[in-house]
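Comments concern the structure below.
Order as written gives the chain letters A, B, C and D; numbering starts at 1 within each chain.
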Amino acid sequence: MNFASDNTAGMAPELMAALSQANVGFAIGYGNDALTRDVERRIGEFFDHEVAVFLVPTGTAANALSLAHLTPPWGAVLCHENAHIMTDECGAPEFFGAGLKLIGLRGENGKLTPDTVKNAVARYSGHVPHQVNAASLSITQATEAGTIYRVDEIAALAKVAHVQGLPVHMDGARLGNALARMNVTPAEATWKAGVDVLSFGATKGGAMAAEAVVFFDPARAAGMAERRKRAGHLLSKHRFIAAQFEAYLKDDYWLTLARHANAKADALTEGLRAVDAKIVWPVEANIVFALLPTVLDAKLKAAGAAYYVRSNAMAGDDVAIEPDHVLVRLVTSFATQDSEIEKFIGLVQRG
Amino acid sequence: MNFASDNTAGMAPELMAALSQANVGFAIGYGNDALTRDVERRIGEFFDHEVAVFLVPTGTAANALSLAHLTPPWGAVLCHENAHIMTDECGAPEFFGAGLKLIGLRGENGKLTPDTVKNAVARYSGHVPHQVNAASLSITQATEAGTIYRVDEIAALAKVAHVQGLPVHMDGARLGNALARMNVTPAEATWKAGVDVLSFGATKGGAMAAEAVVFFDPARAAGMAERRKRAGHLLSKHRFIAAQFEAYLKDDYWLTLARHANAKADALTEGLRAVDAKIVWPVEANIVFALLPTVLDAKLKAAGAAYYVRSNAMAGDDVAIEPDHVLVRLVTSFATQDSEIEKFIGLVQRG
Amino acid sequence: MNFASDNTAGMAPELMAALSQANVGFAIGYGNDALTRDVERRIGEFFDHEVAVFLVPTGTAANALSLAHLTPPWGAVLCHENAHIMTDECGAPEFFGAGLKLIGLRGENGKLTPDTVKNAVARYSGHVPHQVNAASLSITQATEAGTIYRVDEIAALAKVAHVQGLPVHMDGARLGNALARMNVTPAEATWKAGVDVLSFGATKGGAMAAEAVVFFDPARAAGMAERRKRAGHLLSKHRFIAAQFEAYLKDDYWLTLARHANAKADALTEGLRAVDAKIVWPVEANIVFALLPTVLDAKLKAAGAAYYVRSNAMAGDDVAIEPDHVLVRLVTSFATQDSEIEKFIGLVQRG
Amino acid sequence: MNFASDNTAGMAPELMAALSQANVGFAIGYGNDALTRDVERRIGEFFDHEVAVFLVPTGTAANALSLAHLTPPWGAVLCHENAHIMTDECGAPEFFGAGLKLIGLRGENGKLTPDTVKNAVARYSGHVPHQVNAASLSITQATEAGTIYRVDEIAALAKVAHVQGLPVHMDGARLGNALARMNVTPAEATWKAGVDVLSFGATKGGAMAAEAVVFFDPARAAGMAERRKRAGHLLSKHRFIAAQFEAYLKDDYWLTLARHANAKADALTEGLRAVDAKIVWPVEANIVFALLPTVLDAKLKAAGAAYYVRSNAMAGDDVAIEPDHVLVRLVTSFATQDSEIEKFIGLVQRG
């Protein structure tokens, strides 16, 4: 019953196999190998667009490198107040961005609305050079609340941003989960909707440590090679990070993995609803937020269930949490088994 | 005939196997798993000392994190002018260190002497607050010239540094190769000789991407967890980086790998000497620098030999390079085959 | 009718005279002159405490240097959401602090309460190393709302901060105005109440460009000389910045100046109240916030009155602003004349 | 006998007077006042070119802001090894430039040659993204050795730089002294010779604290207003820094002041040569380097002469310093009196 995070799972079998297959002979280092060239091409095909790709080992690196590249040190990144960059990266964007500022905005269901962004841009514009001005927008797909931005929602946000000259970054640590839920192409969910730079995550989806910064306008990537290197994020034995992506994308393996994770989240949700547990936000990816009695929480933990209790602050104004309840986050992955879910729901049912 | 770098080799078999073995079940992320705990303990045993350990995916990260932790932004790191941190990390120490300064010093055979360090400390001391002052010393083991610091040499350098209050960092990207050459313990070659913080590399030795920042005084590591996270160097599926180190250290596997690499470098050296090629620096690890005729260099490349020609600047005052010769660097690894060496020497012999 | 800011005034006469007096003969540069030594001593006397003093030309420098010195790059500074460091320094604290984070907190009348700080510390504690943790507290005296913290309020805030290990910084750009209003000593209003580091401003009070970073624990100032120099804030002809402070403190001149400014703010307030204008926040220093009809605002501007209209966002939840009204900020200074106030009130009265 | 530095002098009388004159009435802050507008226009006229001007209080700020603006964090600034930015600014360029690197180059008489720059550019080019690449050139006028670059020398250096895409920065802390010596216009000595951005110093020339960053291509200045503000270098009572420049430029006052200083340096030189003291570098501005017997040095100091002894390292290969001699630096200013020189020479003569 491990629902602590999708990063508690290991590597998906095909990715593990890909590492073995890549481990043959010599390959020139630092991303100049054939496998890397190939995976860069494949990522371009995946998104049906010319791209500049930079593979890195962590999502924090992908996000921080992207935001530092899009935002001057005296600029602000607009994002949701619960965004990973805001709450879980220990100030990486600020560090990489030489002191840029993150402005955390409220939004129901973990999502920003065009009006919220418009107001924030208005507030953080002008009064130059005294005030840090809004300089980029970062949205998370799927969100930290386990919801997803639909294509038209992304497009509406991007429109507001672009009108003001702000490029749009998408933290796609769980992009696979979001795509699996929607009947749209990767292109439609990203650049066609206005995303300029994407942190395309494979780690949570089944890789060991593989994330890609994808620029849909390669010209914008000038200097990014140096930025990545200087941050220590250019792997010498680069073929192994490429191999992970290659296997992740091959034969829509990413989709198989994401669908599995999402289906398990749906099963959890269904099971919880059946026993009248309150589900906090729409379950649209592989994350379920539920309100559970404090007593039950203790029993579940005692029975070996692994998951995190989130602070009430995260719930914000979206939901009232009764004093004897806690907000729990349950994350599924490609590795989640039906038996885990059944056991968990059984425990909840017994209360 | 791949002598371009020890990072053109893949993973050593036992490390590849370790990844598979680690890929079972769930494990809590971000280094809180049992395997990480275990490997931290083992690294302590390896060095026979209490340690604080931070695993990261690249050597650049290990070095930059270490130096930023030891040196205030207004301090200078003393190092050899050809040190990796000086020439091949695109300013990572300066970035991580909020603008600290590297002072590159000359030294024969890629090594610093106590006098050189003493003079540099004298030059970069006082005149406060106008001048950046020497604040730490970084030495490389094995050096970029393929030589090694003997234990008494390290101790002499550390003594000079410590007298002035400078902590000592060792870039041990090839520490295994150095240890394999000397008949000393890891403890003798590091903290017993005065090393305070070590970048302990496994990648060049046979790992995929695994380096450890080792503090021999754990108290000095306060804040390092945040520093690593904020730099994007805390892997979520941390067990896999731990697994590499576990296998690397188990049953002295690192030593087997390093001895192989060193032996191949010796074989290359012997072969080159036999055909009167000039060897530039003592071959004490797994790197051979030789002077080859420009014409021969072209032939070798045409025949498929992979290696780098280094600028004459690197040779410095140590050696005169005739105009029709080039300085070539040949690096061996755990994966180097005798057949490669024989073929290479054969080509050199035919001229 | 210039109420735009207290920095639209020039230099108070005694400070201008002090520059002339200091302009005799040679003086060793960079703060090693006798006048600087003397003013450092006088500042210690002023606060009745041993201090380490660093004079700088701007308040932004004083604040950013202080906060960077008190807060690690992975730490957060807690402050009011309308604090100058948050809204008017273009990210200087983040720049000087290598990417530290500011957490803007709400608070009535421009002031923070102990509960607000306690909650923020609770929210930004733990979850290490993923989350930036609260690491220092910065309060502004007088506040941006023109209110002041009473001694017991400062003490209560400092107590909450200190319990959690957070040092307390005071942005005292208008400390003189606050002190002039309260019947307390400089010591009582600062270190005795728990302030650790103070940005002591003289510029708004009547200097040309003179601010002092004051450490009440000199040991905490280690490295600050280098930090200031490296930020370009160590004046070479340092005697002139010292001369300003000397004259500012001599014979309680600062108090004379501050009382004048405060009295003019009181006169403005009285005049506005007499004509039924809504005063937004208690007028406790030299700043008056009032709600004026949009039509009147235009007339006043047309008649030559200089002041700023502030965004409704600043008012926050404290006050409702009717659609046909604007929030205006009126700042008085040592140079404000009765005639200006009379003329302004007259215009308001005529509506 | 104060020859310690030109910053030990106070303000030149006309500049002091200008402060008084500027101290009338109210003026909008932060550089939006009429006087600032006027001085910006005058600086354009002075250089006979459209310019973007940013006034700051210190030369370190002017240099660091300029270099950070011209150089990416992964770029290197080429400069003389004895340049002020290299030895006396405590790493300000590295701090402002988010960790950029300075490459100190050797050069006789404190000056760089085109060949030296060409070689450095060759060494610090390519090997991307591993190596920091040369990204800008900074030259000092007059140099730290008291020599000056002639117009054709600047042009030759700029040509080498521009061919490689490196913009040229001039640290003109003593530009007035250099111009006073040469029979050329400010335009000829700067943008016409290829200077892109200039730190135009008035402080050493007779101001209190006034330096201007001058962009000869205003488009290149985008973002500089924010950069200055965020560094704490935008003075609120900006009129007073403008007033200093206004007076400095009016009626060629700067030239009068610089000629005085230069003439006094010439007199010193003549006097020293007459008594057989060794002058180290050509005296082309207001700085004299001489070799004096250690015994004499002690006598001079005892008699009240103020000046600095420089380390032998500064002399470099240019000059051999006998063991019983020291390298002394004597700086004159607008305030230097004939009587001081006569007394000093008299003391030297008596030995």
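Keep in mind that, in the parts below, a contact is a pair of C-beta atoms (placed from the backbone, for glycine too) under 8 Å apart; a residue touches a chain by one contact, two chains touch by 3 or more.
Not measured: the values here are computed from a predicted model.
Counting C-beta pairs in contact, the pair that comes out ahead of the other among A-D and B-D is B-D. The most distant chain from chain A, with centres taken as the mean of CA atoms, is D. Taking each chain's centre as the mean of its C-alpha atoms, chain A lies 50 Å from chain D.
Measuring from the averaged C-alpha position of chain C to that of chain D gives a distance of 34 Å. In this assembly, the C-alpha centroid of chain B lies 41 Å from the C-alpha centroid of chain D.
Counting only residues that touch two or more partner chains, chain B has 30, 73-74, 89-91, 95-96, 98-99, 129-130, 226, 229-230, 234.
The part of chain A that touches chain C in the complex is made up of residues 73-74, 87-91, 94-102, 123, 127, 129-132, 311, 313. Those residues of chain B that touch chain C in the complex are listed here as 30, 72-74, 98-99, 128-130, 223, 225-230, 234.
Interface of chain D with chain C (complex): residues 2, 4-5, 7-11, 16, 19-20, 22-30, 56-62, 64-65, 89-92, 95-96, 203-204, 208-209, 226, 229-237, 239-241, 306, 335.
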